[in-house]
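Next, two complexes with chain A in common: one pairs it with chain B, the other with chain C.
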Partner chain A sequence: MSDFGKTISRRSLLKTGAATGLVLATPTIFTSQSWAQSAFLNDPAKSGKLVLGFNVPQTGPYADEGADELRAYMLAVEHLNGEGDGGMLNTFSSKALQGTGILGNKVQYVTGDTQTKSDAARASAKSMIEKDGAIMITGGSSSGVAVAVQALCQEAGVIFMAGLTHSNDTTGKDKRANGFRHFFNSYMSGAALAPVLKNAYGDDRKAYHLTADYNWGYTTEEAIKSATEDMGWETVETVKTPLAATDFSAYITPVLQSDADVLVLNHYGGNMVNSLTNAVQFGLRDRIVNGKNFEIVVPLYSRLMAKGAGANVKGIFGSTNWHWSLSDEGSKAFVKSFGTKYGFPPSQAAHTTYVQTLLYADAVERAKSFNPCAVVEALEDYEFDGLGNGKTLYRGADHQCFKDVLVVRGKENPSSEFDLLEIVEITPVGQVTYDPNHPQFAGGALGTCNPGA
Partner chain B sequence: MLGLNKKDTSLFLIVVGMTMFAPFILNPFPETSQLAQFNAGYPDLMQRFVIFGIFAIGFNLLFGLTGYLSFGHAAFLGVGSYAGVWMMKLLTMDVIPAIFMSMVVAGLFSILVGYVSLRRSGIYFSILTLAFAQMSFSLAYSVLTPITNGETGLQLALDDPRILGVSQVDGSIPPASIFGIAMRDSWDLTLGGWSFTFNAGYYLCAVIMILAFYVSVRIFRSPFGLMLKAVKSNQQRMNYTGLNSKPYTFAAFVISGMYAGLAGGLMVAMDPLAGAERMQWTASGEVVLMTILGGAGTLFGPVLGAGFIKYFENIFSKINDNILYQWFSGLPESVADALVFVIHPFIGKGWHLTLGIVFMLVVIFLPGGIMEGLRRISAFVKKRFSSSPSSNGAVPSAKAAE
Partner chain C sequence: MVGLMDAIFLQILNGLDKGSAYALIALGLTLIFGTLGVVNFAHGALFMLGAFCAVTLNGILSLSYTTIDPSRTDFLGKPLKVQTPYVEAWFGPEIGATIIQWSVPLSILFAIPIMVAVGLIMERGLIKHFYKRPHADQILVTFGLAIVLQEIIKYFFGANPIPTPAPPAFAGSFDFGAWLGFAPGSIIYPYWRLVYFAFAIGIIGVVFAFLRYTTFGMVVRAGMADRETVGFLGINIDRRFTIMFAIAAVVAGLAGVMYAPINSPNYHMGMDFLVLSFVVVVVGGMGSLAGAVLAGFLLGILESFASMAQVVALLPGINQIIIYLVAIIVLLTRPRGLMGRKGVMED
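Take a look at the complex of A and B:
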């Protein structure tokens, strides 16, 4: 550290002086983000680029869903920019989108990895907002992450379009003004499943619940329990299983000893694959209790899960947001363009994220502004059709979409590895609609929209 | 200066300079260039750099000095975070009570864990701390859901009481602030093509990290620190001389736990959310990696290691194939395709792989971590540029530096 004592030479003084002058001569704009006069954060008109943030799990337990979501997002960007065959843009009831980007801006995107952890998801979303200037964040394959990122977007002042999140809380006690959910929820699963279960299994059943020990599990258990109890079923026992569990034999054995004749598996992803496999191996489905065949129910189904559980899903009821075998024009157009690009049909996660991107773009076009508050206004109580679920309403009171819910069953004779579920019933929207102040959604408030400036 | 010897003073000044000028140092590329992808000078990541720096400094006080490898340090960070969020929910959005309470609660929790775990040493100690951390994680994830809000994570709500503050302002949750300056306030400086962001929250974290670093230097150089080093070199021999080493390791453990709590408190001050996965064993493993990667037992190494890992996590994970094609747009398509094919596994979701390879290389070729690498480079440069034979003497003395 003897350098410190060096005397300042004439040469170095000149150099420093020149450098300082250069810095001072550059046009400097010293702006404060908090007091800026701009109407909202990350205005594409100012930065000259329109960036959407696709925040999905690329690693961790829901990486499969995340990968499919990302494919759908890229397809949506293509269609918005006027490339490809246009997909659902052709069947969408709103004709505001012309395939020329959004408000004439070409859509660009950034991707991030949520790792299915709230912290990592928020870090990734923050970097999209702060570094890449994203005007909208979308994605998520679990409710915890969706709720965390939704709250972040509210604080930061950008729009959040939720991906696959099924817990009641996302549009219940944790709802936010800047967040929107297209996917259905636990309550809707219960309301759609109950009548089908009653028809198939009668109204005098004793149900035993195994529930994944975290937030989504609780709300699903509550929803299914109250829906089935309303039609006369009895709940024998509800048992929570750790999320990290891979072997459920210890939880299945007590089911054999109880007098329950229906097992409800409030599990998702790998959990459901393992618990269902265990249950079938223990011979539950061959049992006869109280003179009735023992049955298993899985409230939230996905094709990726059905694939994992293989032959065990045959004949088992569940609910789903969307399925590629639907024959309306919107679904057909989406399956066609997704299949052409990637070579296999899309999952329900892909569908909901694709639709969310389109809905956001359409809302911006209709509002003629990227301002989050204008977008919120355009989406609230907006009714649309042609996106695969029939007539749909984005309710203003809680930012939840109301649409038909599919009740599906594992197919007895699948014709291909994608053709694993068959649609049993399309439950009309009226049957799954609830009051915004329903006890399962009580608490929490939307607050006001935040434009971030 | 400040009771530090000459070498430590210069290191301290370098640390102060680096943290204060971080917005410039971390944004070396103009905004419009392709390389802007590698800029790390945005508030969230800068905050993470210094917060995890504090966490790693604290961990190093335990692991670097006593050699006790705690595999459950994330539990203290998590406990501190929850304490911080609760202070914000119940008391005020000012961050000072939150940070203070985080340290207190993490300290109390580390007394409990340390009291039990320090009865054993070596691998048994590691396993005990790991067990405690996993226990805390499971509790937070499900059993204690009323307190921790389980998987969703504990967040602020519009109807929180906030005795000394307001519940909401115009339908929004008030921002976390210190003396009225919101943590998320930023000022942009645009110089030609460059843009630099100065964030209030970052500077709060940076000042606290400098303090934390200073305290750690003083501990390293104190008689207490010497005692801890003695524990590391041979605890048995120390005990045979009649010294009871337990109070020393216990104190180091609690101090280290409080550092973790401080980091947790700062995390919620910057972003008011506490999730259970903050306590998972992978998070505990991460701080071990940071410390080893940077150089265990060195003063500044852990901070560098923390920065390194957070940089990979946040920058490399965001590079996707699309961006690669942009980079190679000048090349013929087949060459670009081939290059993207080769690089693809190492970017985006493959950042774990890249980090793993770097970690292996460091451990094999630079057992002393990044600090050893820097020392070797500086020794090489000195040797190269001073022809006088006396300069050879500089090499061993540099090695002795921390």
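Take a look at the complex of A and C:
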């Protein structure tokens, strides 16, 4: 005898339909409550403490950038706990955060030193998760570190809110379900810079690339090369330079012998400071090639690094995620809080880490759970405003933020030691948006969230 | 496109200026190893301290007083605080600005007493206790000292590079192309790098002349050859060797001072040069001053040629290993180095 033979009554059909409809119509708030009941790693309800792990370079070449990130994290914790002037909590489009901690828990934090080395960064993140009970890890000033720590957080089952990481791979082939990036990427730099370069230097240019010989360098070279070739430029040479190089004269002099009229420096940090200084010393900017002024482009600018290059940055185009001179209410609130507390304006690294902390806290509040899977659900395809970059989308397909990108230029007459870059264009988000399956982001998969229980 | 000759000429120039730094650091290392028998891994830190002498003097000369300019605002919208250097107030804006712009050459005078003091304190305070210890102990303690010095500098100056420009008079480039009859602009080289090369040659000449033509130098050379016999003659060779340590520190420090405009000084710059300079010493011959200088310039030039795009295209990665490759070949075929004494490192 089989039930399949039974005729489905109209009453049972209605019951089934009604039940299905009820489930489908249930608001996410109730689903989220179910997240609250499921087990996950380092649950504050069990440990009695809410700990965030700030993993930044405290030693090594990016220590100053790490220090600025740490300042921003401490400011964010202050604001989340209801101290200070509230900063961007006052301008954030979401009003879930009330300055009462996160879900009523006072925010505590521990710090780790990444040393800008993947192994050291993973070790410190692991220690913060296992020994200190950190429920979220954030920070970093390098894509290599971000990718390594993101993978670790995925395995461990905590959320990773990336700091300064610009490589396409962080939300491309190395993306993870538990990882989120607010910072922009190499593709976006290329898409934002190319039209500005075309306007400034024309569409008949020959570019010579010097590229740092590691992951970030490769994706940046690919992005800038692709974007500039699409507008008509020719790439005459791409040369990889060792990451440990300090003197770039041997790489600059061949540029003099090529017929290139633009030098693209796919370098960051100390590499950028030294290669740009060397290029200017060798008189590249005074040259006339192919009847045009020779130009230099630095795809990723950092104010802290620009300071190291001194007057050499004057007039040179680049892109940046955020700048303290922005006049929107969110940026003004953040600059005021940060500047009042520390006496100088925040860097883009400080901005992205502050915002990431607020976004995590807000997602937890909205999900009403610290469960990483609930946080992932709350952040995916989440649209917000008031955090300094205009309307922003945390795309669910790759956990990359999509927002306006700034094209900047080294200022000719800075009024102070902080006033090194001027905003040339705010490139609208539509111009830097790409398909999740774009070739520059090919490979890898988000996978599923891991609550770590 | 310009010819192969231009490219070769440019890479030789590059090699000479890079080799100048290698040669000066290796010269100091060899002086210390030859006199005291100590493998000084803190020598790169002395180079870095020299560069930061230039940064410090620039900072001192730029010391400013503050006035409020109500017509302008700072990043918080408050009236702008305008900094005016005291030297500009004392000597007038033009002379004051010129003094600040010439801070790097002036730093030579500033750095000499500081480097002498640092050298004497290092040798008397720490390194002399390790003369009779194995080389491994010496390497560990001097490497530790280098890290301590680095961290002290980072604490006071931060981790970011600090721009320290050359005087504006040396800001441009010399057009070798026009001078040698090639196409104008085809071979240009920054003035300051040429100054650095000339400075290095000058320092090397002074050190060699000092050792060759002074009684002090003669005693030191005798001590390097046979320390015990010189001691038996009633000469206090230890004190002279201590002074040689200070001289080696000054050589490294001055190399750092003049290097500051080439690449913005940062706390890590000593380490970047240290390992390469040790390779230079080994290739030149442990204890051979002339070998250190020769190998410094030779490896500098080889490194430059290995960085050429055509060479890298032919042998990928050669630019990163060329110096070590040469060191391996020299150690296998001539363990005492290019100009090392027979028997040294050949056991």
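Note that in this section the second predicted complex is superposed on the first by the 415 of 453 C-alpha atoms of A that agree within 3 Å, B and C clash if a C-alpha of one lies under 4 Å from a C-alpha of the other, contacts with A are read in each partner's own complex, and residues count from 1 in each chain.
Criterion: a residue touches a chain if its C-beta (ideal position, glycine included) is under 8 Å from a C-beta of that chain, and two chains touch if they have at least 3 such contacts.
Remember, predicted model here, so these are calculated numbers, not experimental data.
In the superposition on chain A, A:Asn290 contacts neither chain B nor chain C.
Of the two partner chains placed by the overlay, only chain B lies in contact with A:Tyr214; chain C stays clear of it. Once the two complexes are overlaid on the shared chain, A:Ser118 sits against chain B while remaining clear of chain C.
In the overlay built on the shared chain, the residue A:Ala63 is in contact with chain B and with chain C. Within the superposed three-chain model, A:Val110 lies in touch with chain B and out of touch with chain C [touch as defined at top]. When the two complexes are overlaid on their common chain A, residue A:Lys131 makes contact with chain B while staying clear of chain C. In the superposition on chain A, contact of A:Thr448 is made with chain B only, not with chain C.
In the superposed model, A:Pro242 makes contact with both chain B and chain C.
Touch criterion met: A:Leu152 reaches chain B, while chain C stays clear of it. Common to the chain B-facing and chain C-facing surfaces of chain A are residues 59, 63, 240, 242. Against chain A, in their complex, chain B makes its touches with residues 6-7, 10, 39, 42-45, 48, 138, 141-142, 145, 149-153, 155-159, 168, 170-173, 175, 182, 184-192, 197, 271, 273, 275, 277-278, 313-314, 317-318, 320, 322, 348-349, 351-352.
Of all the residues in chain A, the ones that touch chain C in their complex are 59-64, 237, 239-240, 242, 244, 246-247, 249-251, 253-254, 256-259, 270, 273-274, 277-278, 281-283, 286-287, 304-305, 307-312, 324-325, 335-336, 339-340, 344-345, 415-416, 418-419. Within the complex, the chain A residues that touch chain B are 1, 23, 26-34, 58-59, 63, 109-113, 117-120, 122-124, 126-127, 130-131, 142-144, 147-148, 151-152, 154-156, 167, 169, 174, 177, 213-216, 218, 240, 242-243, 443-445, 447-448, 450.
Chain contact summary for the complex, chain C toward chain A: residues 1-2, 6-7, 10-11, 14, 17-18, 72, 74-76, 80, 154, 158-163, 165, 172-173, 185-190, 192-193, 262-264, 266, 268-269, 272, 303-304, 307-309, 312, 319-320.
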